[in-house]
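A, B, C and D label the chains in the order they appear, each numbered from 1.
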Amino acid sequence: MINKLSNAQIAWRAAQDIEDGVYVNLGIGFPELVARFQPAGREAVFHTENGVLGFGAAPPSGAEHWDLINAGKKAITLKPGAAFFHHADSFAMVRGGHLDVAILGAYQVAENGDLANWSTGPNDVPAVGGAMDLVHGAKRVAVVTEHVTKHGQPKLVRRCSMPLTGVACVNRIYTSLAVIDIESSRFVLREKLPAVSLDELQSVTAAELKIDGTVVDLTVPGDVS
Amino acid sequence: MDKTKFNLAEAVVDIPDGATVMIGGFGGAGAPIELIHSLLERFRATGHPKHLTLVNNNAGNGHVGLGALIECGTVKRLICSFPRSVDSRAFSQKYRAKEIELELVPQGTFAERIRAGGAGIPAFYTPTALGTDLARNKPVAEFDGRMYLQERWLKADFALIKAEVGDEHGNLTYRMAGRNFNPLMAMAAQCTVAQVRRIVPAGRIDPETVVTPGIFVTRVVEVSDPQQEEQLNRAGAIF
Amino acid sequence: MINKLSNAQIAWRAAQDIEDGVYVNLGIGFPELVARFQPAGREAVFHTENGVLGFGAAPPSGAEHWDLINAGKKAITLKPGAAFFHHADSFAMVRGGHLDVAILGAYQVAENGDLANWSTGPNDVPAVGGAMDLVHGAKRVAVVTEHVTKHGQPKLVRRCSMPLTGVACVNRIYTSLAVIDIESSRFVLREKLPAVSLDELQSVTAAELKIDGTVVDLTVPGDVS
Amino acid sequence: MDKTKFNLAEAVVDIPDGATVMIGGFGGAGAPIELIHSLLERFRATGHPKHLTLVNNNAGNGHVGLGALIECGTVKRLICSFPRSVDSRAFSQKYRAKEIELELVPQGTFAERIRAGGAGIPAFYTPTALGTDLARNKPVAEFDGRMYLQERWLKADFALIKAEVGDEHGNLTYRMAGRNFNPLMAMAAQCTVAQVRRIVPAGRIDPETVVTPGIFVTRVVEVSDPQQEEQLNRAGAIF
């Protein structure tokens, strides 16, 4: 039984790649955790597509302003230097290439960079939100995800079988087992848990993992949660 | 010029059957609950307006505001980006029963289409949704070696929006992230109705801080203590 | 020798058609005069394309703010209820059909509604400004103009010979001799100076003047200047 | 994050030969005279940058600011809507001598192309200029029974803009009609340099009144008592 990373630990690892002074959009849910783990001495500015730049943590219960929420409709607070704007300006930031990083969740990521994260299929009430805009706007699109589904199915695949959010848009994937880049339409393994062998990792990945240089040990502080 | 001589009932009395109505807000933030309820009361009393096409980012939450409006059966068609919420049963039930049509639009495209409607831009190109199911039947074109989708403007007969301060000329400011789609919808409708927390005489809003210039606004109604969808739902309210 | 209207008198006549509460853009130069003659009890809101709604008269000399100017780069003042905005929002107002009236100058107006008012030809340094946007944006486009050029050439013509500003865009023309509507690609005479006969007016107009109902006497108070 | 650690010389030192540079302002209102003069001083001292493409609504007035920059010969091409002013000889002489290229764009299309550049919209349709000489070689398309011209986005390597207050994050407010193209150009350039009358710490500008959010701004330089083109020209100034 592999001791895979928790969501918080995956988020911690993703946070280590966020440089000082960059503009970041975090998808609803799991990706929101990344904000908790900004490395000391670095300050990123967080963008939420519903019209706030420079927001901070959730307020204490009872102190919410319900006109001050994030894309997930959760109450937020402001940091010094924040700004409000309308939705067209907000997506001008996204689509116009002004965001440095977007970190999103995924149902599936394909080795060609395709992402599926908005619809599980025709039986769903479809809901897309801002995901399709984010994947084409940010300079770098990263995904945080379990390496496999609850049922053990690979989420990293040759081609997505679920409805696409965007074509050839993902640059890097942080999973519960590894850190993988997408380069020239191939998965390139950058880091893996030391306890997982390359064969084991390949067996839960539905497309070839290319090795290009050293594969670094993926280590996360034990107290991250 | 005085655009502030309306009450909630008068503000929505002439929305006709079959109208396209934009409603501001992102979830409950910036949602004009009192205007929506005024429209719903008129529908309950008169059976009109019916067969509405609604334009809102979401599809309501619970049994107040947009959710209640959808529940009552006056909405034929919804154009939105995210018809899912903690409790969006009002919409999902009608959607699954095929009693309501849905046009799903990515959020940035949704915002830009509304702005285009207000700005007299009949169509534009965007990379968003290219190669996805939401690109079906849309023209594509290549610019500088990259492919883009063509999207059309979105306009409305009426916009119901929520703002913070309004003056006699219809100039508006907003409150925090309650701004969202409200300034865009104000531009894109033939008749824009704004509920504001406070009406002030012309000249009281600093011209530098006006977010929506009055030219985009037709009617301003004061609702000094507006309700918030989130709080209504936490209290289990049903309208 | 006909006692034709002065520019101020033409502007006065045009001002009589501006209803209370409408949004108006006045072109640079001659059309700016129209603002002086707002009928008592009516309030129009003036738009200048460089980002001001609700401006008023020029300030006294020496009291100018040079960041507060109109499209003609002349210093202006603000009225209560004014607003500032950027150029994209300003032309959203124009092109989006939010202005009620635009009043422009003209080199030539054709019976089909074509307007030429931006270029006298290839020897000019070309300069267009906002004229081409205004003619397609406002709900009603009116022209104020001398009936003939300085050299006595008709300015109301069958087809413009000068470079067009817009196609089929003019609704009404206020000249130094008459008020003429454009309907179904024809000049329809609405008002003329009583001292000018129909034949005389036709002789200085290079396309047929249609009569449709009563032609009203065009009268302007003598003290308008 | 602190975007305010630049002086006027440092702010423009890396504009390369052949760059496309947007310069804010409508006539003298909102024109960043000191940034323009800093660029001009660099050109006089080093011969660079040369062969610039400038994007400004006008072509300068007199022998200061934009007029002086055009006069010095560093501008290869000008994209503008109205290259005429009380004294635009610097431009007209070079234009007639074919020493400068001109792309003339209707003002609303000019503004919208810049916004499109900033907003990631590669092309859009407008009724403006249809059937005129300025529509030559542009694609047309019909929407809802009316014809429109297709126009392309406009982007730049650098934008030099003028604002009123700026903070460490690059958030900006403007002064009256000095706003004009400045917020749009800020969006459309790879590197946006703003001169402001006053720099304040982050948090001092009310988030509700920010006009240009800092994400669009790269460098902020304080010029506490900026010159105004109109006043310089009335004084007969020559830079």
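Throughout what follows, contacts are C-beta pairs under 8 Å (C-beta built on N, C-alpha and C of every residue); 3 or more make two chains touch, one makes a residue touch a chain.
Chain-to-protein mapping (UniProt): A, C = 3-oxoadipate CoA-transferase subunit B; B, D = 3-oxoadipate CoA-transferase subunit A.
Please read all numbers here as calculations on a predicted model, not as lab measurements.
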Item checked: Set of chains adjacent to subunit B and to subunit C -> D
Notebook entry, point to check: Higher C-beta contact count, A-B or A-D?
Noted result: A-B
Next item on the list: With centres defined as the mean of C-alpha atoms, identify the chain lying farthest from subunit A.
Entry: C
Next item on the list: Just give me the whole-number Å value for how far the CA centre of subunit A lies from that of subunit B.
Entry: 30
Check: Roughly how many whole angstrom separate the Cα centroids of subunit A and subunit D?
Finding: 36
Notebook entry, point to check: How many angstrom between the C-alpha centroids of subunit C and subunit A?
Noted result: 56
Checklist line | Numbers and ranges of subunit C residues touching at least 2 other chains | finding: 52, 84-85, 88, 91, 94-95, 136-137
Next item on the list: Find every residue in subunit D that makes contact with two or more other chains and list them.
Entry: 112, 115, 119-121, 126-127, 174-176, 207-208
Note to self: Show me, using the given definition of touch, all chain pairs that touch one another.
What the structure shows: A-B, A-D, B-C, B-D, C-D
Check: What part of subunit B is in contact with subunit C in the complex they form?
Finding: 1, 115, 117-121, 167-169, 171, 187, 201-203, 205, 207-208, 210, 213-216
Next item on the list: Going by the contact rule at the top, pick out the subunit C residues touching subunit D in the complex.
Entry: 48-52, 64-69, 73, 84-88, 90-91, 94-95, 119, 125-133, 136-137, 163-167
Notebook entry, point to check: Given the complex with subunit B, which residues does subunit C contribute to the contact?
Noted result: 20-21, 23, 43, 45, 47, 52-54, 78-85, 88-89, 91-99, 136-137
Notebook entry, point to check: Which bits of subunit B are touching subunit D when the two form their complex?
Noted result: 112, 116, 119-127, 141, 143-144, 146, 148, 152, 173-176, 207-209
Notebook entry, point to check: Touching subunit C in the complex: which residues of subunit D?
Noted result: 26-30, 57, 81-85, 88, 91-92, 95-96, 102, 104-112, 114-115, 126-134, 174-184, 211, 228-231
